[in-house]
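Paired with subunit B in one complex and with subunit C in the other, subunit A is shared by the two complexes that follow.
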Partner chain A sequence: MDSLWTYFNHPNFWWVLAGTTFLSAISALVGTFTYLQRKSLMGDAIAHGILPGVAGGFLLAGEKNALIIMIGAIVWGLLTVSSIDWISRKTHLQNSTAMAVVLSAFFGLGMMLLTVVQTSGLPDASGINSFLFGQAASMLPEDLLVYSVFAIVVAFVLAAIYPHLSIISFDRAAAQSIGFNVRRIDAVLSILVVAATAIGIQSIGLILMAALLITPAAIARMWSSRLIGMLLFSGAIAAFAAGIGAVISFTAPAMPTGPWIVLVLFIFTLISMVISPQRGLLKQFRQQKKNQNIILRENFIKRLYHQWEKSGQTTFILNELKDKPSKRTLRFALQNDWIHQVGITIHLSEKGLREGRRITRAHRLWELYLSRTLRMRDDHVHPSAEVMEHLIGDDLEKELLRTLGYPQTDPHQRDIPYEP
Partner chain B sequence: MNTWVLINAVVIALSCSLAGAFLVLRHRAMLTDAISHAVLPGLVIAFLISGSRNTTAMLIGAFVFGFICIFLVEFFRRYVRITDDASIGITFTSLFAIGIILVSRYTDRIDLDQECVLHGEITYSALKRIVLPGTNWAVPQTFISAMAMLIIVSILITIGYRGLKITSFNPDYATSIGVSVTLWHYISGGIASMVTIVSFEAVGAILVIALMVIPAATAWLISKRLPAMLLNTTLLSVSGSIFGYGVAIWLNVSIAGSIAFLLGIQLMMVVLVKVAARRLPLQRATK
Partner chain C sequence: MSNVPAIDIHNLTASYERKPVLWEIDCQFPQGKLIGIVGPNGSGKTTLLKNIMGLMKPDSGYVKIFGDKLNKVRHRVSYVPQRESVDWDFPADVMDVVLMGRYNPKKLFSRITQEDRDIAIEALKRVNMLEFSKRHISQLSGGQQQRVFIARSLAQQADLYLMDEPFVGVDAASEDAILSLLTEMKNNGKTVVIVHHDLQTAYEYFDYIALLNTRLVACGPTEEVFTSELLQEAYGGRLTVLSRIGELIAKKDFPVREKGQKDN
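Up next, the complex of A and B:
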């Protein structure tokens, strides 16, 4: 722990930590809107296509000058966006094909410039690598200041066009119909993605930048169904992941930062996938289990009711039942006074009879409905009723009764039981 | 001998572009982006286990992670309902990040580094030689594996030509006459993955996309029929790699990068000529 403490005392540590968390949060906010508009891979294309701007900016400045590299990245990012747009408008090539073409060709050009940088003998030449996979620790307070100014501008623009962005994210057609200039908002969003990519390049690196735009938004979507909630969540997650990345970058200087940030985000994705309150696997599993239990106990009471209907008996020997109920089902039935247990016998109560009657009535009403109104053959209606008896609530039952005119028998000539 | 580097580049470009043609026709160009990123951890782990650049081990590792990638994408999409392109993006960036962490961590135990991952090592592809049995020709190892891949790809495309063609252009018709679109979908994706994995070492994770997508997209702009398109694809990939190699030697820059960029310039020129040609008759008509 002592050694870790020395990093915390490093003069740049708190600067870098604060800077990277702030920059990543802003990038993730922009990513939330591209996620909602299903344009996630656009971020990948822009991040890869931006390399010539970064390398060119480096060559032009002759050193690792954050401002010039930023401007190079933004200019080239805009060129990437407009090239993709131009190719997909002028030819029959699909947008995704145009993206693959432009990102790989520009990345090739970037690689050429990168080799020029490396053989140029410029004093800072090896520093260029920090833009590829991210090297948070190598950022100076001056660099951070430049990036933060751009990030604040991005945040202001986002706030200014927030109403427009939120409506086109959810309903483009509606936005168009009330007179929004959808194309112009799209263009502004593209510029914001370019800027968000440019401010992230030194902390996360341009190769994995796409993850910072996509993953926090996808995680946030699992936790919130409201736009404002998603924005807060994705910003917070991105900031946290970037913070961990910055710490790792200080403790292991040979390690690039970007992959660690992405790994942290990936772990968050997996965790959210299991425990998220809306779409988590745990929640889905629990819901399934709950439905299964309802069906099991309703089937149990229905079978007892059918026996009562046939023979009039209300006392059964537990071990002689054809389908023995599970412990859980039995416990539920006892707790709700559907049955009473005396030693090895169980006794069907008035309440249990009512419950069995309700389910049987729902079953037979549905059979009659299928047969009479939908004109299905009588021997085909049973399987559907087996399912529907568990779903028909009071309202639907009333509707069925009214539609069918309070019938006496089902298609198989069995009585439809009513409450006496 | 530098000629071998050029020959290797041409052979790799040929098999990539042929395999890529069917992806471009099916609008699945960005799939190559995902595959080429996702297989990296597989390559590195195979490297660490086998302790050498064993092609078989690397192929197995890459295939395992290719499947993990497909599984994760499907899983995110179906069970967590993350949108299509986002689940692809999350999966391949995460797997690539794991690969890069492994490369950086074990950089002393494997001769792969971050640079090689990004733009391959085609410059050194002529170094490791194998003497052909019965002769005294020393042929680079890369040439043999690239040539084998080209032959396999050509044979697969020849055998599957009808199925690939019909399911690429008219999937509805294909279904109606009993040809399984899904099966051919997987076959074309499988060919592309194989080519991606084998070319990865030579040209790196991102430039392999250029070789697969750009010649095919360019050829699609200038050809009306599939045989013509395939022929143009091969011609464009050969010319792109020769020019790219020349420029790289001339300016002393990355060979793979230069080939990718030159392929892009070829496409830009074709688009510009097409746009200009569309304008000309119009102007004459208005006069």
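Up next, the complex of A and C:
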């Protein structure tokens, strides 16, 4: 514990922690819009494509000067975006192909320049590697100030065109018809992505920057189904992951920061996949379990109804039933007054009869619908109806009745039972 | 209401990748009517609407709206795209989508005001969707999604409404509800243009029809356009539809000529 305190007392620690969390949150906000517009690849292309700008900025400044490197990155980022745009407009290449072409060419060029820097003997030349995978702890307050100024500008622009971005993300045609200039908004978003990428080059690094743009948004979508909630969530997650990355960067300075941040984000993704309220596996599992229970109890009451239909019998001996109901099913049926129990016999109530009739009616209506409307063979309609009978609610039943004209019998010539 | 046509399409030709899909369309839509753009699949209905809304550039010809360039009267026009053209998984609830009708493209840092909210609530009431205002849009039926789109359009408070296939994937009850809303809008002096491909209902729904099949087959009051020759021309060869429509016309005691003379 003692050693951790020494890191906290490091003069730059709090600067770096506050800075990286802020920068990452802003990047994630921009990333949310690219995620929603299905432009996730764009972030990756830009992040890799700006490497020549970073290395070039370093050479130009002759040292690790955050401002000049940042400007180099942004200029080259814009060049990346416009090259991709130009290639996909002038050729028949798909947009993703154009991205791949530009990304690899620029990244290759960047690696060459990087080698030039490393062999240049310039001061800090070895530090250039921190731009590849990030080295939060190596950031000085002056560096952070530069990145933060850009981040504040990005946040300001986001606030200014929030409605513009949200409407074109959802419905471009409507946005355009209202008078939004969608091409200009696209261009502004591209610039924002370039800036959002460039501000993270030192804390996360180029290679993994795309993950910071996209993963928080993808996680946030699992927890929130409104744009504003998604933005807050993705910003918070990115900030948290970056904070952990910064702490690790101080405790283990030899390790790059980017991979840690991405790892934390990945763990969040996994956790969200399991427990998120929207699409979590846990929720799906519960839903399936619930469906299973509904099917079991509806099948139980349907079978009793069928027996009643055949023989008029309403009293059954529990142990003699062909498919004995589970305890849960039995309890549900009793609680809902579908049946009454006296010792080892159960008695089908009026309510249970109605429920059984409803399910049977849904089953037979569906069989008839498949046979008449989809022209399915009569001996093929049963399996589908076995499932659909549990899904067909009042609305759908009415619709079926209307479409089929209140039929009397199903394709197997069994009566379709109506309420007397 | 002035006599300027709501929409004046002048010799319009439009193409995708140089292949024309609309040829020399020339017609006028009067104000204050419920107007159908009718034609088979792929006949260019959506394309025509996009050209009217300036969403694509025609090769030749022009469109005037209320006698003016679109940009001058844009605030008086509202467009409802085909429902399938957007991703309904987008993170927004019903209210969020309707409020988009209140977004102002000219303003930066704009925020939704209470007035915007009231207008959106009013629009939701009119399409009978107020109780769903907090529901996520993916959890709506097709008909409800369509009504949300119409509510967003109403929130724009326009005079001319253009809707692409609002009856597709909508159940009978919703179709009735939407139709009576459109009729009500017309009675309030609005002009409503609907893209539609079902001939049978087209005859019942619209006052005025443009019959389209890559070229303009006919454009005029419904009674004048609904002749078997013209329908045959537009829907060429699809005799089952035509014979059914013939039955319908016969059943409704359709006055082929006399009634047409009351218009214009």
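Operating definition for what follows: the second predicted complex is superposed on the first by the 364 of 420 C-alpha atoms of A that agree within 3 Å, B and C clash if a C-alpha of one lies under 4 Å from a C-alpha of the other, contacts with A are read in each partner's own complex, and residues count from 1 in each chain.
Note that a residue touches a chain if its C-beta (ideal position, glycine included) is under 8 Å from a C-beta of that chain, and two chains touch if they have at least 3 such contacts.
Remember, predicted model here, so these are calculated numbers, not experimental data.
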| item | value |
| --- | --- |
| Partner with the higher number of touched subunit A residues, subunit C or subunit B | B |
| Subunit B versus subunit C as contact partner of A:221, first or second or both or neither | both |
| First (subunit B), second (subunit C), both or neither touched by A:344 | neither |
| First (subunit B), second (subunit C), both or neither touched by A:169 | second |
| Touching partner for A:44 - first (subunit B), second (subunit C), both, neither | first |
| Subunit B versus subunit C as contact partner of A:180, first or second or both or neither | second |
| First, second, both or neither for A:129, with subunit B first and subunit C second | first |
| Touching partner for A:149 - first (subunit B), second (subunit C), both, neither | neither |
| Subunit A positions touched by subunit B in one structure and by subunit C in the second | 221 |
| Touching residues (chain side subunit A, partner subunit B) in the complex | 35, 38-41, 43-44, 48, 86-87, 90-94, 96-97, 99-116, 119, 129, 132-133, 207-208, 210-211, 214-215, 217-218, 221-222, 254-256, 258-260, 262-263, 265-266, 269, 273, 279, 281, 284 |
| Subunit A-touching residues of subunit B, taken from the complex the two chains share | 24, 27-30, 32-33, 76, 79-90, 93-94, 96-98, 100-101, 104-105, 107, 114, 118-119, 206-207, 209-210, 213-214, 217, 220-221, 248, 251-254, 256-265, 267, 271, 274-275 |
| Subunit C residues touching subunit A - in the complex, by the definition given at the top | 50, 53-55, 71, 74-75, 77-81, 85-87, 90-93, 96-97, 100-101, 103-106, 108-110, 136, 138, 152, 156, 171 |
| Residue numbers on subunit A that touch subunit C, as the complex places them | 36, 159-161, 163-164, 166-167, 169-171, 173-181, 221, 224-227, 229-230, 399 |
